[in-house]
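So, here's a batch of structures to check.
Below are two complexes that have chain A in common, paired first with chain B and then with chain C.
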Partner chain A sequence: MIQLKTLINCIDNSGAAVVECVNVLRSKRPAKVGDRIVVVVQKQRNFGPESGSGGSVSVGAAHKVRRGDIRHAVVVRTAKKYQRPDGSVVKFDDNACVLINKAGEPIGSRLNGIVASELRDKKWSKILSLAPMHL
Partner chain B sequence: MRVETCYFCSQPVYPSKGITFVRNDARVFRFCRSKCHKNFKMKRNPRKLAWTKSFRHAHGKELTVDSTLSFAARRNVPVRYNRDLVATTLKAMQRVSEIRARRERAFYKQRMKGNKEKQRAADRKLVEENQHLLPPSERTVVDEMEVERVKARVEKRRKELEMDVEEEVESEELEEEIKAKAPKTKRKLKMLRAGGVEAMDVDE
Partner chain C sequence: MRPLARLKPLLRLSRACKQHQRFLSTTTEPANAWTSTLAALTKPRKPAKEIPTFKPPPSARQICADPIAALTASQLTQLDPTGARTRLFSRKNPEVARVGDVLLVRLKNGDPFAGVCLNIRRRGIDTGILLRGQLTRVGVEMWYKVYSPNVEGIEVVQRREKRARRARLYYMRMPKHDMGSVENIVRQYQRKRAALGTGGSKSKDSAKKNNTKRGRK
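Up next, the complex of A and B:
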């Protein structure tokens, strides 16, 4: 249930921490897992102490997006329960998304957190391969 | 597809039943019904709720140490389909459940043993301690003090009655005096009814 103004956690290392949904693409309904949405970066991930001590990789990753950037994203977890084809009902702790570019490739290079296995049906296998675990 | 057990009450969760909750640390919680899910959301401890299996286990109300319980374990070794194996497994399942039912029955009987005697003893004690509530004919233990007290009361009452007879004589004399006074008041009342307007003080 992700719609206009919904704040979503961003679980990749693109530099965004919290993003706000501004549009659900290709659907008039609230977005579900695997749906593509347009977001505005509201809060940047804080890499302050890490970059200070010398983590060039994280600094590079942190600068991929900035606060106020408009990007595309894919919903990977929803707190709203949904039913699977086998009849089971699943819900997650929070709403989470992964930022992607216009071509559909993830901006970040790493995900921290599980993603729903519905992404496979929606052809987001690249995100699935980045994720540590899918359920 | 497999029959899972409920995280909260340990009941089997059949396909299409209940809800699965995935925490952000990838821990999966399966609930058999909304009751269990709601109780989980309220952060209740299943070990403290009497209707859950974990409570019953923790409080010695269920068979906990038994060889028949070890059969229902998750084995992560894939087995190739074999008709004979399936047949023997099914047979074994039936047999195991039979044995378990018998053992559970025995366990229950053992657990309930002596309850009747205990209850009876408690009842006896209750009757013993509350003899004064029973009618005197039903009492088994006669209270000496009580008997004396009753005797004393009866004696007192008898004396009082004797006194009353004497008093009655005195009271009769009094009544006669009152009768002699009575006509006066009557007249005054009549006057009151006839006169009407002015209030009269009868006491004067």
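Up next, the complex of A and C:
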């Protein structure tokens, strides 16, 4: 249940840590897993001291987005439980998303964290293949 | 001055007359006369028409007293022919899986899921279990239907050392009580089972494994 003002964890290496939902696209309802949303980057991820000191190239590569940027994102985990067609129900402890560009390509190159396998049904196979694990 | 003064004696007179008449009527047996007039007025009655009545339709209760129970039983024979799952979650079994136990659900399609059982929802064929685990350091909760054809087997990995005094352990979602990842416990259990082999493992588990295999065939 992700809607206006919801703060979501960003689990890719695009440089965003916490983003805020400002719009749910193509739906009048709160966003679920696989839905595309518009977000504002609220908090940047700091990639440790070695990446900060080790040349501006890596920092520039890491921080693809800045605080205040408006981006599109895909919801990959929801704390709201949802039922699968086989009767099992899934619920995660947090809400998480992955930033994408307008064309639908993920901005980051790596994900850290489990994602829901509903992404396959919603044609987000690229995100699913980046993820270390899916359930 | 008094307009009703004249009326009063008149009324008294009429009342006296009435009394007088009544005395007269008693002597002339007016009851008979009344009945005769009534009899003349009323027509002779027709014989009463018989109202058609229909028998009630055959009761479904006679055919099947408790259809829901019958349906549940038939479904159970289909989905759990060996009765292993029923036994694992029946309260009569002393070795029943309880809340707080770490359970492993093996699925036909997909990875097995292990987690601590927070809730058992006993509803006949709809019986489900709520497991909570951690994957990539994110808490995940899964409800599984015990009798789902998608579930290959359910194993008790670790029992809670003390019986939980609550039916639903939702407090284990709180960081203070969270069990964290059960991956190590499950791996240890699987290693132990592999070392013991099929014959030497715990009788219940081996029986269940055989049962599930038979069920798959």
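Note that the second predicted complex is superposed on the first by the 126 of 135 C-alpha atoms of A that agree within 3 Å, B and C clash if a C-alpha of one lies under 4 Å from a C-alpha of the other, contacts with A are read in each partner's own complex, and residues count from 1 in each chain.
Note that in this section contacts are C-beta pairs under 8 Å (C-beta built on N, C-alpha and C of every residue); 3 or more make two chains touch, one makes a residue touch a chain.
If you're wondering where the values come from, they're calculated on a predicted model, not measured in any experiment.
Undergrad: Looking at the superposed three-chain arrangement on chain A, would you call chain B and chain C a clash or a fit?
TA: Chain B and chain C clash in the superposed model.
Undergrad: For A:L25, using the defined touch cut-off, is the partner it touches chain B, chain C, both, or neither? Pick first, second, both or neither.
TA: Neither chain B nor chain C is touched by A:L25.
Undergrad: Which partner does A:L7 reach: the first (chain B), the second (chain C), both, or neither?
TA: Neither: A:L7 stays clear of chain B and chain C.
Undergrad: Contact-wise, after the overlay, does A:I114 reach chain B, chain C, both or neither (first, second, both, neither)?
TA: After superposition on chain A, A:I114 lies in contact with both partners, chain B and chain C.
Undergrad: Mind working out whether A:G87 is in touch with chain B, chain C, both or neither, as first, second, both or neither?
TA: A:G87 sits against chain B and chain C alike.
Undergrad: Would you sort A:I70 into first (chain B), second (chain C), both or neither based on which partner it touches?
TA: Touch status of A:I70: no partner.
Undergrad: For the superposed three-chain arrangement, which chain C stretch in 9-17, 171-179 or 189-197 runs into chain B?
TA: Answer for the clashing stretch of chain C: 171-179.
Undergrad: Taking the contacts chain A makes with chain B in one complex and with chain C in the other, which residues are shared?
TA: 77, 81, 86-94, 113-114, 133, 135.
Undergrad: Would you tell me which residues of chain A are touching chain B in their complex?
TA: It is residues 77, 81, 86-94, 113-114, 133, 135 of chain A that touch chain B.
Undergrad: Looking at the complex, which residues from chain C come into contact with chain A?
TA: Its residues touching chain A are 111, 113, 128, 135-145, 148, 150, 173.
Undergrad: Mind listing the chain B positions that touch chain A in their complex?
TA: Going through chain B, the ones touching chain A are 1, 15-16, 18-24, 26, 28.
Undergrad: Can you list the chain A residues touching chain C in their complex?
TA: 77, 81, 86-94, 96, 112-114, 132-133, 135
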